[in-house]
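Two complexes come next, and they have one chain in common, chain A, joined by chain B in the first and chain C in the second.
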Partner chain A sequence: MKKTIGYWLSATWLAIVAFLAIFGQWLPLWDWEEPDYDNIGQTPFTSWKHPLGTDGNGIDIFSGLVQGARITMLIALVSVILGGAIGSALGITAAYFRGKFDAFMNIAFSVVLSIPNLVLSLSLVSILAYSDEDNPTTDTRRIMVLILSLTIVIIPILGRIARATALQWANREFVTASKSMGTRNLRIVRDHLLPNVAPAIIAIAFLAVGVVIIAEGSLAVLGVGVPNGKSWGSQLAGAIIDIEFYPQSVYVPALFIAATVIAVNYFGDYFRRSLDRRESKI
Partner chain B sequence: MSLVKVSDLSVSFTTERGELRAVRNVSLSLNAGESLGIVGESGSGKTVMSRAIMGLLPRTATRTGSVEYDGQELVGKPTKELRELWGTGMSMIFQDPMTALNPVRRIGTQVEESLRVRLGMDKKAARSRAQELLELVRIPDAKQTLRKYPYQLSGGMRQRIMIAIAISCNPKMLFADEPTTALDVTVQAQVLNIIDELRQDLNMTMILVTHDLGVVAGHTDRIGVMYAGQLVELAPTTELFANMKMPYTEALLKSIPRLETPTGSRLPVIEGRMPDPTKDEPGCPFASRCPYATDKCRAEAPPFVEGTPGHFYRCWFPLGGAQ
Partner chain C sequence: MTTLLNIARRLISVIVVLLLATFLLSCLVFLLPGDPAEIMAPVGAAEFIDVIREDAGLDKGPIGYYFNWLGDLLRGDLGSYYLGTAETPVADRVVDAIPASLQLIFYTQILSLLIAIPLGLIAAYRENSRLDKVINSSLFTLASFPGFALGLILILVIGVNLAWLPPVGYVPFSESVSEHFRYMVLPVITLSAGLTATYTRLLRADVIGTLKEDFVTMASSKGISNSRILWRHVLRPSSSTLLTSAALNMGALIGGTVVIETIFVIPGLGSELAYAIGARQVVALQTLVALIAIAYVLFNTVTDVVTTFVDPRTRERRN
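Our next item is the complex of A and B:
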């Protein structure tokens, strides 16, 4: 399929974000926790020292974003991979075995999907990582709970896709053929269904990464994200009070989040389109 | 000695329109090494019957009666135990080689699957056995073919792969479910010859399901004709063609287009339709389409009688008179 400009832009952007997330900690950047009191609220693109400016506390915005990329990407990837794995396993086996298990999974997915993402993760985080002045939770625990709750959000999204796609494949002749040779059910699920269902899951998984990034940001704004500006969402959330005086401390992280979500969405769509073309050829 | 003994086998599906009786009280037995052809038009229950003998039915199906294989009763056996028999005891060649191979896995992996899973071969042994199997079904360049994907092969080649998979665990009993229907006429003969040779070399018992009387003629010892879920005629192949008793068998044979019919004339067909499988109507199921039908046919179902030894039919007024 022809690679469009959008494809290359998205690819480049995601490559940059991935590079920053992985190697950012070794780049010669301003310490992201160290305020520069001489340059408070500097506008972006006005100096090499702080390329994307500083916020109201003199914190370098770019360094913060590099640090945030690591946490945000960690949360997004781990929860999508985990949720995708669990969701696909449940969805594909449900589609293959049908019957009561399938009916149960179908209802379970619908029930979880009917709860809005934010409400679900908000309540999970509030219960599992409750924190007040007397009992502060560690950042690690917060991140773990965030990942867990976002995983639970992802499971039914990808599980449903996996189930629907697997239903198309489960009654194909080659499944019966393999069965007629005495292959065990779980092996059929793994060797025959999974490889055929995987492309569709991967396409939607890209979109799910976007969903998770947005959810993480929203949770941060609501006050239950990763504290202390360690992720993109919390960086943005912490700067909201400064929006009148130092708008760059809000719009720069917001643009980063938006660009990344658009890029993964584009990728997901591209993947799905090329898949549709493949399907139409078969 | 009979390898498979089917008695009173019925299969029904629960559908929204009620109980659909796809196979009705079929009884037959097969000797080891024998080849039985099952013919009938679409929807006559031939595929369901062959799958029912194996136990390879969807969950919505109920199977009653008895299937004895090698002295074991298969009806009512849990899938777990049947699985031990599938592949090694009985296996099946499927109708459409385009859909019976997994499009995203290499030929090699698919041929090796049952070798490794069922026979416990290691990777290397399975690979060389797979190559042998492909050579057995006369695939040129077997080694290269193992590395290919199904889409890279023609229909005839894929059907040979299916045959290679089906015989990979040396089954005693082979079901060929319309193995040549999806293939070109020129390839049909090759594939049938391969099946025939393998059957004789490996001494397999076979049930060949098809709607083409021409296909079964040269490749079977006996032929069973199915109509509306019932076995309506069963006879040794030569006896059936020489001395057919059922008007339905005759109609089937007449509906094969012939070279000598003038161009532009209408193809011969059997007028009318098969009775609704969800209903139970009295009389012979073929009565409404039968040129010889009388009031008796419409009122009372004929029994399955043995006219001459080994030749069974289900008709009140058999062709050539009752013997």
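Our next item is the complex of A and C:
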């Protein structure tokens, strides 16, 4: 399929984000936890010291975004890979065996999907990572709970897709042929179903990364996300109160998050379209 | 007869799903890393802990608690907020919160459809032209913008910098109609961005199909103007997918309003949810989430059943 400008823009942006998330800690940047009291609320693009400006506490916004990229990408990738693996395993198995297991999985997915995904992750995080003076919790625990909750949200989304796609392939001739030759079930699923179902799952997984990044930001805005400005959403949420006085501390992270979500959505959409094209040729 | 049987079967599966979902939600209360009654009790009011435990049915164990909660729910008792000296019924606050959320959802649907219908028609009419591509890619970008990011940027640019509209807040319809709408503009635009893109795409695809029909060729050979053909002859037969999707999105919007209400300080169900979390009222939180899930599932089911009746083609396909 033709690669458009949008494709290259999205690819470049995701490469930058990945680079910052992985190698950001070794870049010669201002320490993100160290406020620069001489330059509070500096506007972006006015000095080399703070390229994207500073917020109302003198925290370097770019260093914050580099730190946030690490946590946000960790949350997004772990929950999508984990949720995708569990969801596809369940979905493909259900589609292959049908019967009672399939009916059970169908109900289980419907139960989780009956609660809008943001509301579900909101209630899971606020209860599982509950903290007060008597029940203190650490930042690491909160991040773990966040990943767990978002994984639960992702499982049925990708599980449904995996099941529906696997159903289309489970009755094709080559699967029946393989079965009649006495091939073991695991091998049929691995060699015949998985390679055909994987492209559809990967396309939706990109969209799921976008869903998780949005959920992470939304949860932070609602006050139950990652604490202390350690993720993108958390950095943004902490600055909302300053929106009138230091607007850059809100719009810079907001545009960063938006650009990343747009890029992953573009890739998801691109893969899905090229998949449709491939299938229409068969 | 088979239709009725199908509807009955669907209804049973919906009830099973909702019972399971609400049961799992009520189990969450017991997963708190502490005693739920102690967490909900007002600060420094240890004598209320036992009262609360009994009132909410927390002393009966997870299963007993669930049936107690469910029985109350079916009788219209949504539980209480245990704050201060008096218990506030959750139902009272929910009734106050519903109008704002419904208004937000309703206006969002109207605005999205008003924008999507002309855009979808023109994009389909000029299929693969530069205009079509511009509409498609700008809507895609707008739809991918996270709601909170778009909302905050609108608040910043239109509410604070340009000061054209009040940045945040809510005025009830009954108090002042013009003020009500002035406050609603920004949140409604924020929520509409994603929907407009979805609707335009759906309508565009269907209109492209309809434009190939013989009756369109017939109409244009009769010399009817293009805009009249599009609006009078093409729009109606192309709009069934769009309307179904609009109805299905009512449910999705209930979830989408949660963050937008918080950002724009609108006293709806979403803000109510945030309030319950902030006030550590886990039983109220459970009830609110359950209500949202019930509304969401029932709405989707009703839409599905109604479209089956209205459009026999979907009935065939489903069987």
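Here is the rule we use: the second predicted complex is superposed on the first by the 281 of 282 C-alpha atoms of A that agree within 3 Å, B and C clash if a C-alpha of one lies under 4 Å from a C-alpha of the other, contacts with A are read in each partner's own complex, and residues count from 1 in each chain.
Keep this in mind: a residue touches a chain if its C-beta (ideal position, glycine included) is under 8 Å from a C-beta of that chain, and two chains touch if they have at least 3 such contacts.
Fair warning: this is a prediction, and the values are worked out from it, not measured in the lab.
Superposition of the two complexes onto chain A shows chain B and chain C fitting side by side, with no clash.
Once the two complexes are overlaid on the shared chain, A:174 sits against chain B while remaining clear of chain C. By the document's definition of touching, of the two partners only chain C reaches A:124; chain B does not. Contact with neither chain B nor chain C is seen for A:274 once the two complexes are overlaid on the shared chain.
In the superposition on chain A, A:254 makes contact with chain C only, while chain B stays out of contact range.
When chain B and chain C are set side by side, the one touching more residues of chain A is C. Put simply, if you stand at the Cα centre of chain A and look at the Cα centres of chain B and chain C, the angle between them is 90 degrees to the nearest 10.
Of the two partner chains placed by superposition, A:39 touches none, neither chain B nor chain C. Applying the stated contact rule after C-alpha superposition, one finds that A:57 touches neither chain B nor chain C.
Once the two complexes are overlaid on the shared chain, A:184 sits against chain B while remaining clear of chain C. In the superposed pair of complexes, A:195 makes contact with chain B only, with no contact to chain C. Minimum Cα-Cα distance between chain B and chain C in the superposed model: 10 Å. Annotation: chain A has no residue touching chain B in one complex and chain C in the other. By the touch criterion stated above, chain A contacts chain B in their complex at residues 98-99, 172-174, 176-184, 187, 191-192, 195-196, 282. Those residues of chain B that touch chain A in the shared complex are 54, 56, 59, 83-88, 91-92, 94-96, 99-105, 113-114, 117-118, 151, 162, 165-166, 168-169. Put simply, chain C touches chain A in their complex at residues 13, 16-18, 20-21, 24-25, 28-29, 31-34, 38-39, 137, 140-141, 144-150, 152-153, 155-156, 160-161, 251-252, 254-256, 258-259, 262-263, 273-274, 277-278, 280, 282, 285-286, 289, 292-293, 296-297.
Those residues of chain A lying in contact with chain C across their complex are 6, 107, 110-112, 114-120, 122-124, 126-128, 130-132, 134-135, 137, 210, 213-214, 217-218, 221-224, 236, 240, 243-244, 247, 250-251, 254-255, 257-258, 261-262, 265-266, 269.
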